[in-house]
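Below is one structure; the comments refer to it alone.
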């Protein structure tokens, strides 16, 4: 594995999940693997779990860590080719990425969707230019349309808590006051199908994800029906893909509450966090025994570490 | 000692001061104590000395250090329970704190008073929620009403420079253009009385600190009288506790100048810094032989290190 | 060498360049030199290469690194003496610098020109106060009028790519939408003349640099003539020194394109980056075989490391 852009870079998802469990047991076992090597984590957008868990994973592997909030500590980057750069963008990404790749052994990058133009966002220009120009392994710390470190965490967590060989996993849309990217949902679908879990997606009409991700996956527009017999409920808001970036509904009836959880087969509740309490899901659900949101977030450390270790191994 | 929230967590102040002196002599002696462990320093407010000295203390102990300016690099946190989170606050502190506690072995937090509602500030909700939810030792890097790392430093510094067994220490209010929290003053009183120094507080009427801190402590409204025979003058501004958060006076006559210092018994001058020169105290005082503000600030490193070492020892 | 403020602190430029080449071959050879020591990098202005390459150089030497964006994470500093500090500036630089020097073994500082008052900028008050007060070695990470880490990099890069004993180096002004400091140009001239390269400067009339730097250096107002037979073209914009801080020209005819490069003796193209493509130089030039802007930026790591190693050696 050179880059970690999506599940497609992972030859064997189950092996990567297994590696994460090994690291969770002995996080410092490979503390000398990163010695003398350095990773740069670049943030174009806010982050809490990704920022901290990736740092911690790098510490566990003995890597030096540099962090750059590029828009605040540096300047705006130009992403278009051939432009006369006389505006507010002081440096072209191709120059910035090449330079960064000279200083660091691995580069992680977070860059959200703008939610204005789906073709632009789905072209994944920012991270792809880092992959093209930096010359070093690039780790997706949430790009415009994918969040594979989160999805690997989700696989680990379902594996950890499942009580059936092939549990029923439901990805449920839930309301949110702001328009959010589809990245977590897209990526979750991609990894769930690669891991061969029994996936159902439920959302109001108009919230269909890009078909390139959902082909062959069950979609159930009735949330209550979808919850029937579920083993895991994965809540997440996203904005419309078809009416790109639009909020079509803020219907509070889609919030996940205790009553809905009773329709499931004693399902575990998951969310990638940050979660807006009593909007996405009720306090009662989030603070219940069945909520595994904190255990899930804790697994981010080992997901990141499994990815970084795999990259270091193949250097 | 699990948490370091206030002097009440410290079983023996003198022993902690002694430990700081030992570390000052050999800062790297316990460099392997923190190996493989990590500390997170969370800032909700600006910081210079605390930020740098706590990092340095952690380096001395071999800890990995992550820093997060949470409002800028992350997002706003919700502190109220049961709220429908549809405003600008993207994550509840209880979730954020739990997640952070999963990644890090120790968490330090700075969060100032809002100075709007004394009950709210004095409830110390922010740091208390970190203590309640993070599951790991929490270090107070200045909370709404206390700044114990500063006060421990002050104990160390007075111990270092005192020439009498029980020196007379005067905490003197001084003017300032902005409304400041009472945290440094409250905490100073708490630690001075725990250390059994001879403390006098002087301030204009209306600037009385919360009685829970000052019970039994001499208050002298005449600054010149207070300075008589003093061995240490500790200058600090704070806003009114009774007229909560208000500036009642900016009277420049309360500035500490060389003439006032002559009333003392050749007293040392202290301040926690940052200090507004020629507002709190004159250049002449600050640049005099008797000023120990830099030595005091330098001791912040060993105060933080003594606290972190004590926490690491009891893990 | 105690401080690294300008070329004048360097007893032997060639020896420093040689040291950089040795470090480039074996960057981790002196990884134990910085063990137990810490460097603080202070930024009053944005930075990408300096920020990352200096961190990396410090990692290579085993130093602990703290970074402080002082205006954002701390507060505004007062630089004038004797002021009544009742404005928005919360701390005097002399106090801040003294405190920082107590925590760290080396301090790096970036602080740009304000471009309002040439005497003020050329007095280099900010970095000079750090040198005066911090009590530890201070590294210039670009000051108001000088950028010696960049210039050392430029010496290294010319040495690496030169094919003649004494190549002809042309510093060419080029247009830019914003008023920029003269620091890179001043410093480049200073180091080129110390290294005895054959330097020509070309710029529109009115863009003469401060004569204290250019005395005895060829100035050719005709850019095409200047390029004749050149071995290295070093492009850079700066604002006027005489009409201090003013933009006198944005004439696109001064942009460096492929046609102009043909006037040279197959010259290498250099720039300190960030570069505005198709404003300073055309894509065709920047993406040509002769462009060495990335190799040049990569050398920043070894320039910084050579400086830090020299400072550590003399501690």
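In order of appearance the chains are A, B and C, and numbering begins at 1 in each one.
Here is the rule we use: a residue touches a chain if its C-beta (ideal position, glycine included) is under 8 Å from a C-beta of that chain, and two chains touch if they have at least 3 such contacts.
A quick note: this is a predicted structure, and the numbers were derived from the prediction, not measured.
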Touch-based graph of the chains, sorted into line, ring, star, complete or other: complete
Cα superposition angle of subunit A on its copy subunit C, in degrees to the nearest 5: 120
Chain centre separation in whole Å, for subunit B relative to subunit A (CA means): 39
Two or more partner chains touched - positions in subunit C: 72
Subunit A residues within the subunit B interface of the complex: 28, 31, 43, 46-49, 51-53, 55-56, 59, 69, 72, 177, 273-279, 283, 286, 293-294, 297-298, 301
Subunit B residues touching subunit A - in the complex, by the definition given at the top: 36, 38, 40, 64, 66, 68, 70, 72-75, 78, 81-87, 90-92, 95-96, 98-100, 102-104
